[in-house]
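Okay, handing you the structure first.
Naming follows writing order (A, B, C and D), and every chain is counted from residue 1.
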Amino acid sequence: MSIRTVVWGENVHEQKNKVVAGIYPKGMHTCIADALNTDPAIKATTATLQEPEHGLPEQRLAETDVLIWWGHAAHGDVDDKIVERVAEHVWSGMGLLVLHSGHFAKIFKRLMGTPCNLTWREAGERERLWLTSRNHPIAAGLPDHFELENEEMYGEPFGIPEPMETVFVSWFQGGEVFRSGVTYRRGAGNVFYFRPGHETYPTYHDANVQTVLRNAVKWAANPAARIKNPTDAPNVPVETALEPITERGPRLHQDGEEGYR
Amino acid sequence: MSIRTVVWGENVHEQKNKVVAGIYPKGMHTCIADALNTDPAIKATTATLQEPEHGLPEQRLAETDVLIWWGHAAHGDVDDKIVERVAEHVWSGMGLLVLHSGHFAKIFKRLMGTPCNLTWREAGERERLWLTSRNHPIAAGLPDHFELENEEMYGEPFGIPEPMETVFVSWFQGGEVFRSGVTYRRGAGNVFYFRPGHETYPTYHDANVQTVLRNAVKWAANPAARIKNPTDAPNVPVETALEPITERGPRLHQDGEEGYR
Amino acid sequence: MSIRTVVWGENVHEQKNKVVAGIYPKGMHTCIADALNTDPAIKATTATLQEPEHGLPEQRLAETDVLIWWGHAAHGDVDDKIVERVAEHVWSGMGLLVLHSGHFAKIFKRLMGTPCNLTWREAGERERLWLTSRNHPIAAGLPDHFELENEEMYGEPFGIPEPMETVFVSWFQGGEVFRSGVTYRRGAGNVFYFRPGHETYPTYHDANVQTVLRNAVKWAANPAARIKNPTDAPNVPVETALEPITERGPRLHQDGEEGYR
Amino acid sequence: MSIRTVVWGENVHEQKNKVVAGIYPKGMHTCIADALNTDPAIKATTATLQEPEHGLPEQRLAETDVLIWWGHAAHGDVDDKIVERVAEHVWSGMGLLVLHSGHFAKIFKRLMGTPCNLTWREAGERERLWLTSRNHPIAAGLPDHFELENEEMYGEPFGIPEPMETVFVSWFQGGEVFRSGVTYRRGAGNVFYFRPGHETYPTYHDANVQTVLRNAVKWAANPAARIKNPTDAPNVPVETALEPITERGPRLHQDGEEGYR
């Protein structure tokens, strides 16, 4: 069965900025989805900020294996309730890829627990991505390095937690470096942040970038059934303890009572 | 200079529950602070939920090296603004120890980005903590295992990110295990979660537990000057690039413009 | 294409000890291979210490996707040259599962860089494995815990590096805990250590254990082409630098010279 | 009490190469030790390959808090017995800093379990080290980046295990990047690899590099008593089990028998 992927696009600059509209006439999200759909193992659709519930109603997320997130100008317009909904689905097992300026998306900061800040410069300079984890599935088919002739610079220190794995590190023409591809697990969900993708450059038309995205979708997808109620904290009554024990001492909670949250 | 430590206590059950009041007549926070103050390297004071700004005004946090957090019944009463303030201080370099039921405190969930859930049972059963990282500074002076004769059980799966280091794992009489001592770095701040400490048992009077707390305060303290504005994402103008570059291609931002957040 | 798996068995106690021979009349390696072969995605064969080159000639390893290692009484009889050969294949991308007493196998210590020691007791006590990473692919189809009624105890502290992920933690009847399932990446190779499997108990006949092994084979297999010469440290001549640079200052090496090793 | 530090130098090129001898007339090890000794908290001495037991007899290591290792041309001349001795001391709690070409030192490869390979170029190009973990104790007092005008290039992929923490990442003029400062724990020992230090350039005279080394010595030192017999795997007899259990089923080992290794 193909991997059900939703590419979420903020879809703001594509509407307001002629340069961006020229590069991505159908939107960045559509360009990315089209690139994914060249692989028969993936079935990608799109969702945008402007749709009801940002295109991410509960039922759709329940049927999504991997969500891809690109946002920039309108992070603040994303409804906090939708952010929590997405977070719960990640914890339940949905994969999540966060792209470029999505480092400041509410959902990424929510899952990282850190500022996710960095330094930046918009000068169309050369970026060279170096593989730091050879044969990592996200790098399948890629050489040890590849270049993007024009990209926005993101520089260290990058305010993220220490990654589970650092897959790519970028070199920038102006003198900076950046951990460009990093993996995390959050609950049952696989999370991958991938740096490139400034909207005024044709990054998502690049063959190597498209390969990374297809690989990352496959890496992030978890075929296991989604965990129900991923935030539950169930009480285990004394009577059903796996080893026989006798209750001792005082207690706060009455039988069958919920824990505090 | 001594390590300026603030022990934050929810201070609810100590006021409402006779058992808890009997064990901790001056509050759990005071018991913990007293134990820390036996070490001349530490200068501990207390703060509680009921104080203005929960006892954690900006100025006090700025002068705090390590904050210790114990909460249970009233997680929901903690002001979100104070939670964000504490998070920013952690990112800036303040150490944070989260104790027991604090796994569900807003500040812990905020910094972890995961549900932080678990299973639990209040039966006064035996807990045995095993050291999994020998000679870790948090375990200084401790044997390879120690016991608490009466504790609440917390069981795996524990909904946390993979720790930087797992220092303790607990065995429970009723058949469960739990990662009881785990370290993280969040921004410049060292974070340690330590499991024991149910309020109806005299856990914070235990000598080994007190040793862990004193060790953890020393481990978490960062003598470096606090980072100012830990969430800033500064622009690096082309003119000041470390390597000479020439601006190329279109751009979204005007000179001196702030980035989107 | 099915995952080419070799189950390496020391095959000593099966020949010398009646209890072991009774439980595993065809050898533990054959029992494991049979369990793997119930899954059409896996094609498992066996190799033993007694075969020429321990059944692991270069050509066979080159055609092996995942190697499983069980040894106990004869760790010292394994040829150091074969150990290095296996290590190189792991670095090149071959998956490796190390089982039970294999914690002291030369290959595991070689890849971990630590003592890999532990405490132990042979009393046929109950072990209960708890899942610490929900929906991890290695735990697919398993409940949050499962039991082995008779097992050897292994206790913490376990002398391993901090794992990439801790997947299982064991509870033992006699009071110990142990990190029973841990993952690593070494070069391009995925490594999984799984604790259960003392030879005097029927552990590898257990359905849950067999599920873990099948899952772990799939997790460890890397479909990418094996890396050639995984220890090479190539010189990058000035003339072929990716950015134009001019040689400056003195140097030790002449053009075309090999680096020191 | 000051941190007892031994700076181990291969001391080959200082004797054979005029350029190196000119920069480091007393040897690189002495230059490094002198820089450390400007800090009253550190008491540094030196040892070299040419001394009996390479200057690292058992008794000296037992009284060493932190060992620093620089080697290049003569890795193969280091006695395997000394390497094992050093490894055991690291596992017991001795800190270890490995510098530059020490990535291929026997002791580093022994502790990492990976090839530790990389790409390289000797062209005196500019290296810029970026801090990736703000306020990390190893970076105390340093800016977010600093430069070395002439250094050898080391490039990714660097064949190391995923670090506990990545502290520095380097940018090179010729277009490469490298994880230049990485931490590990091996047993009870803290390990830090730091990239700069090619012998034909005056790197160890650089103020920022010296600051890193002093910081790293303090970070690596563990004041706890050294673990005796760090590779022991003790049997826990049934009679002394922490929870009362009765022996069940067959066993391989007789009472008091050693485990297999």
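The definition used in the following text is that contacts are C-beta pairs under 8 Å (C-beta built on N, C-alpha and C of every residue); 3 or more make two chains touch, one makes a residue touch a chain.
Everything numeric in this text was worked out from a predicted model, so none of it was measured.
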Going only between touching chains, how few steps reach subunit D from subunit A?
1
Subunit B-subunit C contact: same residues or different, taking over half shared as same?
same
What is the chain whose Cα centroid lies farthest from the Cα centroid of subunit C?
B
Taking each chain's centre as the mean position of its Cα atoms, how many Å separate subunit A from subunit B?
27
Distance from the CA centroid of subunit B to that of subunit C, rounded to the nearest Å?
36
Please tell me the distance, in whole Å, between the geometric centres of subunit A and subunit C computed from their C-alpha atoms.
31
Residue numbers in subunit D touching two or more further chains are 128, 133-134, 155, 159, 162, 164-165, 173, 175-176, 185, 187, 242-243
Name, in rising order, each residue of subunit B that touches subunit D in their complex.
93, 128, 133-137, 140, 145, 147, 164-165, 173, 185, 187-188, 222-224, 227, 242-243
Mind pulling up the subunit D residues that touch subunit A in the complex?
128, 130-134, 144, 155-159, 162, 164-166, 169-172, 175-177, 179
Touching subunit A in the complex, subunit B uses residues 13, 17, 19, 72-76, 87, 91, 101, 104, 110-115, 117-125, 150, 153, 155, 159, 161-162, 164, 173-176, 184-187, 199-201, 230-238, 241-243, 245-253, 259-261
